[in-house]
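Chain lettering (A, B and C) follows the sequence in which the chains are written, and residue indices restart at 1 in each chain.
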Amino acid sequence: MSAPPSTLVDKHAVAAGAEGFLRQQRARNGEKAVFVVLLLAALVSVATTVGIVISLFVPAFQFFDEVPITDFLFGANWSPTFANPQFGVWPLIVGTLLITVIASTVALPLGLGSAVYLSEYAKDRERRALKPALEVLAGIPTVIYGFFALTLVTPLLRWIIPGDGEVPQIYNALSAGLVMGIMIIPTIASLSEDAMSAVPSGLRQGAFALGSNRRQVSTRVVVPAALSGITAAFVLGISRAIGETMIVVMAAGLQPNTSWNPLEIHQTMTAFIAATAAGDIATGTVVYKTIFAVGALLFVMTFVMNMISIRLVRKYREVYE
Amino acid sequence: MSDPNGSPSPPATSSVFTTGTRIRVHESPAGAMTESTPDQPVSVASASAGVSDGEDADRAYESVITTRDLSVFYGSYQAVREVDMNFGKNRITAMIGPSGCGKSTVLRCFNRMNDLIAGARVEGTITYHGQDVYAPDVDTIEVRRRVGMVFQKPNPFPKSIYDNVAYGPRVNGWKVQSMDDVVEEALTRAALWDEVKDKLKESALALSGGQQQRLCIARCIAVQPDVILMDEPCASLDPIATSKIEDLMRELADDYTIIIVTHNMQQAARVSDRTAFFTADVDDDGVRHGRLVEMDWTKKIFTNPSDPRTEGYISGRFG
Amino acid sequence: MTITAPPTSPPSPVDPPLLKATGEPLRERAFKWMLWFCMAVGLITLVVLITYVLIKGWGRLDSRLIQNMPSSVLPETAGAQSAITGTLWLMTFTAIWSLPTGILAAIYLEEYADPNRWYNRAIEINVLNLAAVPSIVFGILGLAFISRGLGFGPTVLTGSITLALLVLPIVVIASREAIRAVPQSIRAGSLALGATHWQTIYRQVLPAAIPGIATGAILALSRAIGEAAPLLMLGVSFVRFNPDGLMSTFTALPVQIYNWTTEARPEYTDLAAAASVVLLVLLLAMNSVAIYIRNKTQRRW
């Protein structure tokens, strides 16, 4: 190389061809330090999961020392704060399932329909307006949804459904379930739409070329091809319904109920946890530990569903990407 | 990684010269290949006896990069098979061949950019000034600073023109008396200074494609490399921008060793001193492997190639 | 050059024209309307919800809300000042804990982690799973470990750490996407000049990914700002003073909305609606910033 620029001074320069000239000429310990810092940051999320598991399961196992797990899972009476406490979680499960079913009945079809519309029918301009609107819907704080359910939807229901004055009650599962369903629509719509957009356009074009119309392409080609992604969206949506707290605390009430009547008051697992923890219970008591037993059950249920959803999403990504 | 039992590196400063024409014998059904030139490096003196067409008699041929039995694997797939080449100092060497023949893959070994691809593995040796580039104690950063690279698609950083050129000296931590002078010198050498001197602080992305590519060359020059690798540098440029880059390459050859991969035969014929022709073989299992057919002075490759496959490619019969 | 049409027999005038559209069949149109309906239900509810909260809270949307402290005795003088300041304190520290950690974790996963290693895959799945864990479970974590375990009580510190852990996965996922969107050619260009791995990330990848990361960060914080359940778990409730430090107890807007909703007197319902409007305005402001950043920095390559 002739005449290197005079202005450059590389004090570490070693002539090409000299012994070991390609070895590292300067210490770069910073690179290793950076790696350690990054790894530690990534491990925070692992530590969080470990923390959740420990904080849930250690007190939960202590709880099961005092209350047999069979009483907990199969008992039909939930009254932990009474003088003669009963720890059968069934009423809380009824409340949770009932509200989840109502929410899913609303959210699964509407979410899927929205996704099909967005992915197969909406023009670009429409999509650019509709997707942010869905994001806003997803971004409304749940406490505001709860307020909306209790102070507007419930009075409406009581006006529409002419009960005998008994039902619908002020706190009822239907109102909470309906509003929760609306809340979950964006989750289902956006995840399903992701899955549908991942379906290769060749598949669509092939079907169009055979004379199918848009409806047939949507229902017979795109939806089946995106099925694992849509299932993932459904599972995740249901998992969100099970884990949602504020709407049910505010609109469904805090009284355990084994009836399947959606017009009555119901307490869910999450509502029990929130209300009991907020109620300033002394640490170490059995009642305090019920929070963790119920929390552990909730965590296991949602964990299983989340894992199924994650696996399904991976599956369709592997196929199409 | 390198083969620990690989051939010893040749003496670092010796002028190693081979005619370059080295056709390997292998199991070709046609049986057309014959071993032509001895495998061993020969001295300059003895080699000049067999001077090829196009040899520039005034300048001694000094090899900067030499490969020996170079194979590149992606996982278990052998992308390139047993390539022996050498690249002369201050020469432009072109690597040509049909797509998928592994020429870019080979190029990316010289500055160890293949390290970035998960599962990529190199067998055989590549020596640079006598030093095995894949030896365990070699620092890839030192290699890449000395062996610069220009990519197929211009990839200026989304920063100002000035910052693009100053980037290399900065990250290498050089004490620079005047960064302005470094930037000006590099841009001048890349024949871009006059076009951009009034807008050094503007975004590099506002430049035309050809200007961007010359900026990438300037950026590369600013770290004072010894070798510049060019991976189809004109593939995305129009003919006028291409001819500017080609003129520039001829000028840069006074100071730098240039290795260029190109799919454009005319370009290789126009700019290069030496040419290596690659092709892709299909083995018994139906798997394609890149392979070097022959390497020689450009004039000879284009007028009187030793291998019929080269001739076929040059004359456009295949590829 | 002209092409002469091949001789064909002209279509018989009695046959219906072969390629003429017969109009969209009814079933097709009904299907499209059905999809529209699905879309509309959510959107109409959104409009109704916002209108309702606005109308309901309109009477209380005045300076009292910002100047006065909450009161459970006198609804006509009650305000939400301590809740607003509490929320601002909470968000500041949630951002301080979660953003650097989340961005660094994202850099690790995108730029350093070998995806073929089981532990890196485990970290990745762990993040995805945490993103879907119910917020109340994070409340349990905060209650057991930080509020009662470490004895910090229902303070700004406890609340912000709990919310930071809650939104951390969102920050990680959004930052990963932003980092992944930086073209590989930028990395290759930098490395080929002798830059180290970290120099390449710090000087090229991160600056290019900043808009995407910022958008994701705002998204994460707008999730945190509306969370009530974990705070209720921690014992955050009714406070009549502004926080003055990390160890100060506090209240936050969502908690205040909840408290007022549960009050029997109708004046408090209006107050809850007014506070909801404040919360929605804060959210709207955050989202506008995110959209502004997104539009300002459209893909440059």
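FYI, a contact is a pair of C-beta atoms (placed from the backbone, for glycine too) under 8 Å apart; a residue touches a chain by one contact, two chains touch by 3 or more.
All figures in this text were calculated on a predicted structure; none of them were measured in a lab.
Contacts between chains leave no pair untouched here, as each chain touches all the others. The interface with the greater number of C-beta contacts, when A-C is set against A-B, is A-C. Ranking every chain by how far its Cα centroid lies from the centroid of chain A, the top place goes to B.
Work out the mean CA point of chain B and of chain C, and you get 49 Å between them. If you average the Cα atoms of chain A and of chain C, the two centres end up 13 Å apart.
Measuring from the averaged C-alpha position of chain A to that of chain B gives a distance of 52 Å.
The residues of chain C that reach two or more other chains are 196, listed in rising order. In chain B, the positions touching at least two other chains are 141-142, 172. Annotation for chain A: residues 28 touch two or more other chains. Within the complex formed with chain C, the residues of chain A that make contact are 28, 30-31, 34-35, 37-39, 41-46, 48-49, 51-52, 55-56, 59, 109-114, 116-118, 121, 130, 132-137, 139-148, 150-152, 182, 185-186, 189, 213-215, 236, 239-240, 242-246, 249-250, 270, 273-274, 277-278, 280, 283, 291-292, 295, 298-299, 302-303, 306-307, 309-310. Interface of chain B with chain C (complex): residues 111, 113, 116, 118, 141-142, 144-145, 148-149, 151, 153, 155-158, 167-168, 171-172, 205, 216, 219-220, 223.
By the touch criterion stated above, chain C contacts chain A in their complex at residues 25, 27-28, 31-32, 34-39, 41-43, 45-46, 48-49, 52-53, 56, 100-102, 104-105, 107-109, 112-113, 122-123, 125-130, 132-141, 143-145, 148-149, 165, 168-169, 172, 196-198, 222-223, 225-229, 232-235, 237, 254, 257-258, 261-262, 269, 272-273, 276, 279-280, 283, 287, 291. Note for the complex: chain B touches chain A at residues 12-13, 128-131, 133, 135, 137-139, 141-143, 146, 169, 172-178, 181-182, 185-186, 224, 226, 254-256.
Within the complex, the chain A residues that touch chain B are 1-5, 7-11, 16-17, 20-26, 28.
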